[in-house]
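Take a look at the structures below.
Two complexes are shown next, each including subunit A; its partner changes from subunit B in the first to subunit C in the second.
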Partner chain A sequence: MTSSATTMDETEEQQDTRVPVTVLTGFLGSGKTTLLNRILTEQHGLRIAVIENEFGEVGVDDALVLDAEEEIFEMNNGCICCTVRGDLIRILGALMRRRERFDRIVIETTGLADPAPVAQTFFMDDEIAAQLRLDAIVTLVDAAHILDHLDEVKPEGVENEAVEQIAFADRIVLNKTDLVTEEHLTEVARRIHAINAPVEIIPAQQTKVPLTRILDVHAFDLDRVLEGDPAFLTDTEHQHDTTVTSVGIDLPGELDEQRLNSWLGQLLRTKGADLFRSKGILAIAGDDRQYVFQGVHMLLEAENGREWREGEPRRNRLVFIGRDLDRETLNAEFAACLTGARA
Partner chain B sequence: MTAATRTATWTTAVDDAPIAVTTAGDLVAVAGAAGTAWILDLADGTPVGTLTLPGGLLTLEFSPDAAHLALAGPTGYGLWRRSDGRFLNSQTGAWSNAVRWATPDRVALASGRRALVLDTDGALQWSTDPAPSTVTDLAWLREGRRLVSSAYGGVRCHERHTDKPVAEYKYLGSHLAIALNPNGRWICTGNQDASIHIWRTRDGDELTMQGYPDKISRLAFDDTGRWLASDGAPDITVWDFSGKGPAGTSPRSLRAHENVTALAWRPGGSAVLASAGAEGTVAFWRAALGRAGGLLRPANARELPEAVTALAWAGPDRLVVADYEGRVEAWPLPDDLAL
Partner chain C sequence: MPRPASPRLVAQLTALKNQARQLLELAEEDIVLIRQLDCTQPGCPPVETVVAVLPPSGTSRRWTLHHPVDEITPDLLAAALAATPTVSESEGERA
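The block that comes next holds the complex of A and B.
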């Protein structure tokens, strides 16, 4: 388990010149290849490098296309879910030693690939973290077939990859909306939000989505966590139909730092494997600045965010996306971290 | 120190970001990340020729007699013959991360999950069975008869008569680089999980050096086999393998860099180490000075205007360094280190 707390001053944040990396995932047939080709060929004036899992794409001017074969490495550090992608570490490492600079890097993964090791690579490898910035996990979804994928019954202990890919996403491109009815779309959106409440859904036909909505969107930036106040707190009603859900918490007040750290540490240690994503903006007693965190499984990145404004009520907002989350317990345990709560 | 105090024997420029330098006999070769290698005359830096691997370069190494040069990159490998300039370019599509000559006429190359042993005509002599991941590094034991390779899950030893390993040293995690103590007593690997793992070859007894902030991608024994230097932190650490080995001891810390990009022991066993950093420093160290657990400052340090990305000794009295912008320089050993 790793957690870090750093104080970054604002000038440093503004000078983040690291290259944004987009993870593009989705099942065969969701339109991923079409979208990749659009990213490569559209007149955007950007130098783009694409790392893809499957052979077949053709390189175009101003782009570099590299092939990767998934190599998942466990770490010998007692963190059971801290896997990284060895293939990405070596490919990105070699790419960064080149004099040629890229404006964007896109990593394509197959619909069967686990997004966690890809994301964790950006937390765990210092060489990569120093030069590259995980920008967003974008999942492409076929509006006509996603419900079948979500409902597919897997053998005991086997992950439903469609559920996992939706749970990890920062943006979902809901493709082929022209092939289904309005009612069907509403149902798809409801099911997606039941798994991943804060995710932004971008409807599309023939993968026609503005690239500015999926590339360089800063979804992993701590200062943009929960930006725009998405409706993640809406307690979605039909949650019995899935074991992967979102739990949002919004509580006024200030937190006892020691109690918070011990609770969060304990939660990540014991539930880390089931927690796909977590994000939060918190108010720590005695601290003028917001405390912002973002995590994937057991890995958590945290820092001081902006200052609380004059007269702004102190409040705590956080969201967990994961498997078998107990909403009531999480709420109660978090509330116990507030100052004034009984220890 | 300022640029004016540098005393380069020669300076030349190559048009790429160098990622590796190799020397042998009267030649130097510099690998550019984008795929071109420049062969230079060691005496004055004059270009002798260029070679290109289309998919980029990751490393290169001269045969000990300087008659051949092997190059490796993300999509294949190449073999150059000095006598007539013949260049065999093999685009395998497999990642080739390491090249090690066993003798002047036999070279091992990593190729995807296997290691290949080739003669100087590029003909395959033998190869290993596939490792659990892409092979990360190679080294030779027993006068070039036993090949040691690292990958995810540990280190494997192969010999010609069988494609199965003749010995395996397993340890969970991604092993990035190998250092062999010259007398074959120790096998060490640098790891993704920010540790050095050490096996005593005699009985497989293991030791792990932990507590580094970063992964260990570079580690090397000096020619005597007593000193092991590695990256993994801004400070280079040097472990003392004399006596029963480093168990229970502390390393010396060598402080000069923000980010170590290269390190190489001076040939011959004087315990002089050269190192380079992303901040542009090249440092020379007397690594045997001080005591275990102590902090050392460079015996001599020089600055280049750019990140220094590669260095190699050309014999005991000359160092070749290359920076990110393609500046290549040969320096004599600083006077105060020539003993």
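The block that comes next holds the complex of A and C.
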């Protein structure tokens, strides 16, 4: 992976010609189709290819619409961390042969789709990563019904899709805000941030949200996320009432690459299934550039960030969103990777 | 901890993909994925590399090599691809 707006030098950012991909998720009735129709019909001047679930290939004005039927492809037997969407790989491959017809891609998932294989599709292969950039996972949430969905008790071993869709999101369009009270909205926001502390919530009615807030937003860029809420990394207030939470770490110093390798490898092997998303900007000892990574389950992609500025204190910021995360253990184990820490 | 793919690794992956295309006589539209994974299956070596072929429609195939990707030689790849793949069906392309 090669880019990420503000973390990159300007010249490097300008060189990123990959197609930004937005993934739209959300429960049935959350307004996903309405938003998609807006994207397809509004005079926004953008050339967007849309991959969706319901219709055959049709042309809507300048848009290119393709139909996908969910096909989970396992890269190895039984490991949920290594599943990708075969249908998307095929369609994206075909789409990239018509590269001149669009500037960005929007993928709509079904209301019950697991976001992980969709996201992992963009981490699984260097050729895909070289041509396409997963820009953001945008989850539409029905303000009136989301609490019921979050509180729905599932049989053992069955995931609560609403929780997962919020956990994976970079942006949440909180739709139908006109149907609920201010108190209800506050509670919804609290519950969303309890699951996914860094996520940006965009309130909306009838999915009327500026497209510039959900398309080509570089949402994986932790620097940008921290601009909006620099405190969330160290905020422990949200750690309650849910098994899916966020853990943010912000530590000064430089990391011993070998120790970090060992810890991260072990963490991904043992907790990969529970780690939905991870993002980080790290300072590796002996490296003049920031080490920037993002991951879905056990798949991580790394890139060289910008150079550390002269006199700039080295620091390490990372976020994990997942199930049954132990904040204290993660903090302690990560701190042990610092060069000054006792081995 | 992954490092940004080095030009050498990218070149190696491209060469392996091209070799796989030749050996399997693939069409241009067929997608080839090659990915090194940490294997958590009991009894397996800790690292494996998966080669997957997804045609525009029909059967997808994959092969697993119990080697890191930078240790895969043309001979190793050829031997692996000569074995019976794991297959999965698809409904077909709609693009």
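One rule holds for everything that comes next: the second predicted complex is superposed on the first by the 298 of 343 C-alpha atoms of A that agree within 3 Å, B and C clash if a C-alpha of one lies under 4 Å from a C-alpha of the other, contacts with A are read in each partner's own complex, and residues count from 1 in each chain.
Definition applied: contacts are C-beta pairs under 8 Å (C-beta built on N, C-alpha and C of every residue); 3 or more make two chains touch, one makes a residue touch a chain.
Since the structure is predicted, the reported quantities are computational estimates derived from the model, not experimental observations.
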(request) Would you check which partner chain A:A302 touches, where first means subunit B only, second means subunit C only, and both and neither mean what they say? (result) second
(request) Determine, under the contact definition given at the top, whether A:R269 touches first (subunit B), second (subunit C), both, or neither. (result) second
(request) Classify the contacts of A:V173 with the two partner chains as first (subunit B alone), second (subunit C alone), both, or neither. (result) neither
(request) Determine, under the contact definition given at the top, whether A:F73 touches first (subunit B), second (subunit C), both, or neither. (result) both
(message) Tell me which partner touches more residues of subunit A in the superposed arrangement, subunit B or subunit C.
(response) C
(message) Looking at A:I89 after the superposition, I want to know if it touches subunit B, subunit C, both of them or none. Which is it: first, second, both, neither?
(response) both
(request) Based on the superposed arrangement, let me know which partner A:E100 touches: subunit B (first), subunit C (second), both, or neither? (result) first
(request) Have a look at where A:D125 lands relative to subunit B and subunit C in the superposition and call it first, second, both or neither. (result) both
(request) Mind working out whether A:E257 is in touch with subunit B, subunit C, both or neither, as first, second, both or neither? (result) second
(message) Shared contact residues on subunit A, subunit B side and subunit C side combined as an intersection?
(response) 66-67, 71, 73-77, 86-87, 89-91, 94, 97, 125-127
(message) Residue numbers of subunit A touching subunit B in their complex, please.
(response) 66-67, 71, 73-77, 84, 86-87, 89-91, 94, 97-100, 125-127
(message) Show me the residue ranges of subunit A that touch subunit C in the complex, using the header's touch definition.
(response) 1-2, 56-57, 66-69, 71, 73-79, 82, 86-87, 89-91, 93-95, 97, 124-128, 257, 260-261, 264-265, 268-269, 272, 293, 298, 300-304
(request) Would you pull the subunit B residues touching subunit A in the complex into a rising list? (result) 16-17, 19, 33-34, 56, 58, 74, 93, 95, 97, 133-134, 136, 152, 171-174, 191-193, 195, 213-215, 217, 309, 324
(message) Which stretch or stretches of subunit C touch subunit A in the complex?
(response) 1-5, 10, 13, 17, 29, 31, 33-35, 37-41, 48, 50, 52, 54-57, 60, 62, 64, 86, 88, 90-91, 93-95
